[in-house]
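The first chain written gets the first letter, and so on, giving A, B, C and D; residue counts start at 1 in each chain.
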C-alpha cells in the first residue's frame, strides 16, 4: 500500500533546534518511503501549526502523520486530536520524542543528538507505515448497580446512585439492614444512635423508586463482565406474610419454645426461632429462623400470618457494575485469650456495648453491679504472634468514647485502660484528653508483654508491667474485663470468591491502588466500599461508599463503555491451544474456542487491557499486540540501526 | 453606558487544586459537568506533588500525582486558574452561586510558554525558593518546580528588578509585564471546598530553636531533601553542608498541644516521620535515626506493618517528651527530654533535628462567603454538618467540602473524601435538572 | 582511526514502559543528565510484553546491547510483571547462548518513573561494558 | 497596551518602582556569587573551607552555593576523607566565564 505520510519536525523555540539540526533531520527523512511532505516548524503545538497540519492532511489526503517534538506524555493526545479534526483516524498518528530523549538528553553532543533524532523520526515513519485505523471497543453498559450489603455504607451508596439516576439492587444477606451500626447505641462524632442513623438511611432507601432492596438474599452465581454483569440471587423467605398484625406476632414470639444464643447481642442473650433483632428494626417484619425452627406449630396457632409454604426463590439480575459493601466481623477472641470463655466476667467491646444497652440506672452484668472496668486494648489487632498485624483503627476511639459515656451515666465507675499506646488519631484526641481529665487510668505495656488476666480468690485480676511507671508490675481488681477487639474480614468470603476479588495481606478486599484508585478492584466494574476494604470508622466508611458510588456510576451512566482497541490478537492459523496465554493473562481475557475444527485461543476484547504479558509465552508466536506487531517492531528496529 | 460584564458559567467551582480538589474535579468532569478549578499556588497538585515517597507503600509521590495532574490539566471540561482565589462567593438561590475570582498576574502567557527555562537562566535575581521550603534560592523569573502543572514560568514581581533580561531571551515572547490583577465574576451551581491545610509554624515554639539553629528543620524541609526534585546533591545539614549521621525526629510539634491552641492529633506526622526515617536509612546507611514520640498512631491499612518494618530496620523509637533544644558550637543539637519509661529527664546529642510539624487549618475560607454562614468546627476546620451520613455536606446547601479542609487526614482518605464530595455534588446538581 | 571510533560507540536498544520507565528517561533529558546518544528507546506497555525474538532481532541487526528498563513492582498491570519479565530475560539469554551471543549483552533493571539517575548510570556502565567487549 | 512585545518590562518601569531591598539583595547575591566562583576557580572546596576563606557563616555559604548548584554553575565532587563534607567545583561549561 502506498502511504502518504506527513512529517513535522519541531524547533520547540530552540529547545530542539539549538542542539538538533532540524533541517538536516528533515532532509534525511524526506526521501523515506511513503513520506509525502516534510516540514519544520517553530512550535508544532502552536495553534497556527495545528491549523496548517489540518489543512495539509485534508488537501493532500494524508493517511499517516508523524510529529517529532517533545515527549508524547505532553502532546501525543494534542496531535491525535489534530489528525482527528482533519478526518484521519487517531491511530494513524505516531509521535517521535526528539526533545526529552534527544536534544535535551544529548545537549552536550550536537552531532550525536542530530543523528539520534534522524533515527527516531525514521523509526516513527516506519511505524506509521503499518498503522491501521482503529475504533475503540464499545461495550454496552446497563445503568444499574448491584450493591452487596445493606449496612450503612451499602445503603448510603444506594441512595447516592439512585439519586444520580441509576437503578440499584441492594442485596442484603441478613434479614435486617444496618449491619454492625445497628448494634451500637451512641455513635462517636454526633449525638445520634446507630438506630437513628439507620432509620434515616433506610427511609431514603425505601422511598426511592430506583432502589430495590432484597433481604435474606445471597448472590450465588455470577457471569458477564463490566457493563453487563449477570448475577443470580437466592432469596430465603421470612415465612411471614407482609401484612402482619403486630400483637399476634408478639404472641408468636412469646410462644416459640426455641432458645438459641442471639448473635445480634453477641450471644450475651438468647432469642427465639421467630425473632427480630430489636423492636422497630428494618424491615419491620420479623423472620423465622428456619434452620433452628422445630416446626412445633405453636406460633401458627396464635398468628395467622405465619406461612411455612413460602419457598426459596431465585432471581436473575443484570447490572453494569457491582459495589461490594460487605462489612467486617468483630474479632472473636480464642478460648482462654485474656481469660475469654474461661473467666466469667471477661467480655468483648461489642458485647460490652450490648451490656450497656440493656443496663438501666445501674451497670450490671450477670446480676452483679460493675464499678471497676479493665479495658484490654489491641485484642486481635497488632498481634505479635498471630496473623493480624494491622491496627484496627476504630477501637481506641470507640472504647474511650464508650468509657466516657458510662462514666458520666453511672455512679462510681473506675475505668482502667490497659493499652499499647493509644491511637485516638485526629479529632478523637480530645476524648482521650477528656477521659484522662475524668480520672481514667491508662496503663501501657509493650507489644510483646501483654497484660495477664487471672482469677484469684473469687476476684478477677489484671496485671501489667506498666512502662509509664518504670515497668512496675501493677494490678487491678476488675468487676468486668472488656477486651477491645478489632475488626477482621468477614469469615464467609463466598462473595469474594465468586467475584474473584483479590484480598490484601490483611485479608480484606484489596483496592487497585491505595491512592490512585482506592475503591476500584482489578476486576473491571467491581468497586469496594466501607470496612470490606479494611477497618474504618463510620465517617470514613461513608466517604469510601460515596467514592465507590461515583466510580460505579461513571461506569454505568453513559450507557456505553469505550475500551482501548490496542489489545492482543490471536493468529488463528498458528494457534494450537496450549493454554499458556491463559495462564499468563492477569485478567482472564482468554478463552478456549472451537474454530475450523481445532481448539484455539480467543481474546475477550472487553477484558483485555493490552498489557502484552501473553506475547512472550506463546510457543507458536501466534499472539500480537495491535500497534506493536512483529513487523512494526522489526521495522522500527531496522530504522534505528541502519546508517543515517 | 457601562458595558455589561460577561459572566462565565460553570456547573461547579472547585476551590483548591490539591489531590482532594483534583479528584472531585476529575470525577465531575468525567460525567460531563463543567468545572472551574481555582488554585492559589502557581501549580496544581497541592502538597502531595512536592512529597518524596508516600507511606506505607513507598511509591513515589510524583509518579502518582503527575498522571492525575496532567489528566486534570488536559480535561476539556475543566478550566484551571492558577495563582487565583475566590474573593467572594455569594449564594443567590438554590443551585446558583456567584463568585468573584481574583486572578493575580503571572506576567507570563501560559499557553505560549514552553518551559524552556531560558528566562530563569537569564534572570540575575536570586531569592528564597518557597517550593523548596527555603532551603535554596530561585530566580525572580522561574518555573515553580520541575513537575509543576502548568509547567510555565512566572515572574515574582515583588523581587523583580524589571531589567527585562527574561523577555529578551524568551523565544516565544510569552513574558508580558503589562498583565494586571483581574477580578473575574463567575456563576456556578455548586461549590466544592478543597482548600487543604497549612503546616504548623515551629517558630511558635521558640524552645525548639527553629529558625535560630540552622540544623533544626521541619519535616517538609526533610521531605524536599528526600524528593527526586530535591534542593541539594545529597541529604545535608542546612547549617554547614555536613552529611548528617545522627538524626532526631520530634513528633507532635504543634499537635496535641493546647498551649499553642491545637489540641488534636494531626494524624499523618507519625507515619510520614516513620517513612522519612526509612528513606534516610536507605540514603545514609551509616546514620542513626531516633524518633521521639508520645504515641505512634499507625492506624491505617498497612501502617502498623510499616511501623514494625521501621523498627526492624533499626530506627530507634524513644517514648519521650522533648522540652528544649540547644545548639553546640559544631552545629550539633542537644535534646533535653523526659524519658517516659524511666520518668527521668535526659539529654541526647544529634547532628540534625527534624520537627514533625502538624496540620493546621487554612484561614480565610469562612470569609469568602458573603451572606451565608459557613460553619467551622472547634478547631477551625470546615464543619461537616452531617458527618455520619453525608460527610461532604457543609452548613451551606450546595457547598461541599473535600480533603483536609475538614481536618487532618492522609492521602488515601483525602482521595476518598474528594470522591465523596463529587458524589454529593452530582446528586445535588441532578436535583435541579429533574 | 575510523574503525576505532566505530568500535568505541556501542549501540543500545532500550525497551522502556509507557507508564513507568519512559517518564524516567524523559526526565533524564529534562534534567540534562547526559548519556550516550547511541542509546535508543522503544516504549512498550509493560516490560513483560517483550518478545525474546525482538531482542534477538535487534542484536542480529547490529545493536550491541539491549537494555530492559523494567516496571519492577510499580507495574500497573499487576505484580506478576516482575517474575514474567525475568522469565523473558532468562529465556532470551538461553537463546543467546545457543546462538553464541554473549548473554551479558542483554541487561535488565527496574526503573521507576523518576529513576532518571539510575537509568543514566545503568546505560553508561552498560555502554562501557559493551565498548570493552567489542574491542 | 502600547508596550512592544519583548520589551514590556520597560512599560512596567513607568508605573512601578523597584524596592531598594530588591536591588540590595541583587547586589549581595551577585557579589557572593562572584566571590564563590572566584575561589572555586582555584580548586575544589568544602563549605567550611569556603566559609573560612570568605568570612561568611557556613549556613550562608551553604544556601548560596546550593543555589548556584541549582542554577548550574557549580557541581558536587568527592567527599572529604572523613566522609562528612562534599567538595564542590565549578561546572566545566561556559556558564562561569563571564
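Methods note: contacts are C-beta pairs under 8 Å (C-beta built on N, C-alpha and C of every residue); 3 or more make two chains touch, one makes a residue touch a chain.
This one's a predicted model, so the numbers in the text were calculated from it and none came from an experiment.
**Student:** Quick check: more C-beta contact pairs at B-C or at A-B?
**Tutor:** More contacting C-beta pairs are found at A-B.
**Student:** What's the distance between the Cα centroids of chain B and chain C, rounded to whole Å?
**Tutor:** 37
**Student:** Starting from the mean Cα coordinates of chain C and chain D, work out the distance between those two points in Å.
**Tutor:** The separation of the two C-alpha centroids amounts to 38 Å.
**Student:** Let me have the rounded angstrom distance from the C-alpha centre of chain A over to the C-alpha centre of chain D, please.
**Tutor:** 51
**Student:** Measuring centre to centre with CA averages, how many angstrom lie between chain A and chain B?
**Tutor:** Taking the mean C-alpha position of each chain, the two centres sit 27 Å apart.
**Student:** Residues of chain A that contact two or more other chains, please.
**Tutor:** 73
**Student:** Mind pulling the chain B residues that touch 2 or more other chains?
**Tutor:** 59, 67
**Student:** Could you check chain D for residues that touch two or more other chains and list them?
**Tutor:** Within chain D, no residue contacts more than one other chain.
**Student:** May I ask you to sort the chain touch graph into line, ring, star, complete or other?
**Tutor:** Per interface graph, the chains form some other shape.
**Student:** Could you list each pair of chains that touch one another?
**Tutor:** Touch list across chains, by label: A-B, A-C, B-C, B-D.
**Student:** Report the residues of chain B in contact with chain C in the complex, numbered from low to high.
**Tutor:** Those in contact with chain C are residues 59-60, 62-63, 66-67, 146, 228.
**Student:** Which positions of chain B touch chain D when the two form their complex?
**Tutor:** Listed in rising order, the residues of chain B that touch chain D are 121, 124-127, 135-139, 157-164, 166-168, 170, 173, 175-178, 214, 231-234, 236-243, 331.
**Student:** For chain D, which residues count as touching chain B in their complex?
**Tutor:** That would be residues 1, 3, 5-13, 16, 18-19, 22-23, 25-26, 29-30, 33, 46-48, 51, 58-59, 61-67, 69-72, 75-76, 79, 83-86 of chain D.
**Student:** Can you list the residues on chain B that touch chain A in the complex?
**Tutor:** Interface residues on the chain B side: 19, 27, 30-31, 54, 57, 59, 64, 67-68, 70, 74, 114, 116, 118, 171-172, 256, 263-267, 295-305, 308, 319, 340-343, 377, 379, 384, 387-392, 407-409, 411-413, 415-420, 422-424, 426-427, 430-431.
**Student:** Applying the document's contact rule, which stretches of chain A touch chain C when the two form their complex?
**Tutor:** 71, 73, 97, 99-109, 112-113, 115-116, 119-120, 123, 522, 566, 584, 586, 609-613, 615-617, 621, 625, 628, 630, 633-634, 636-638, 640-641
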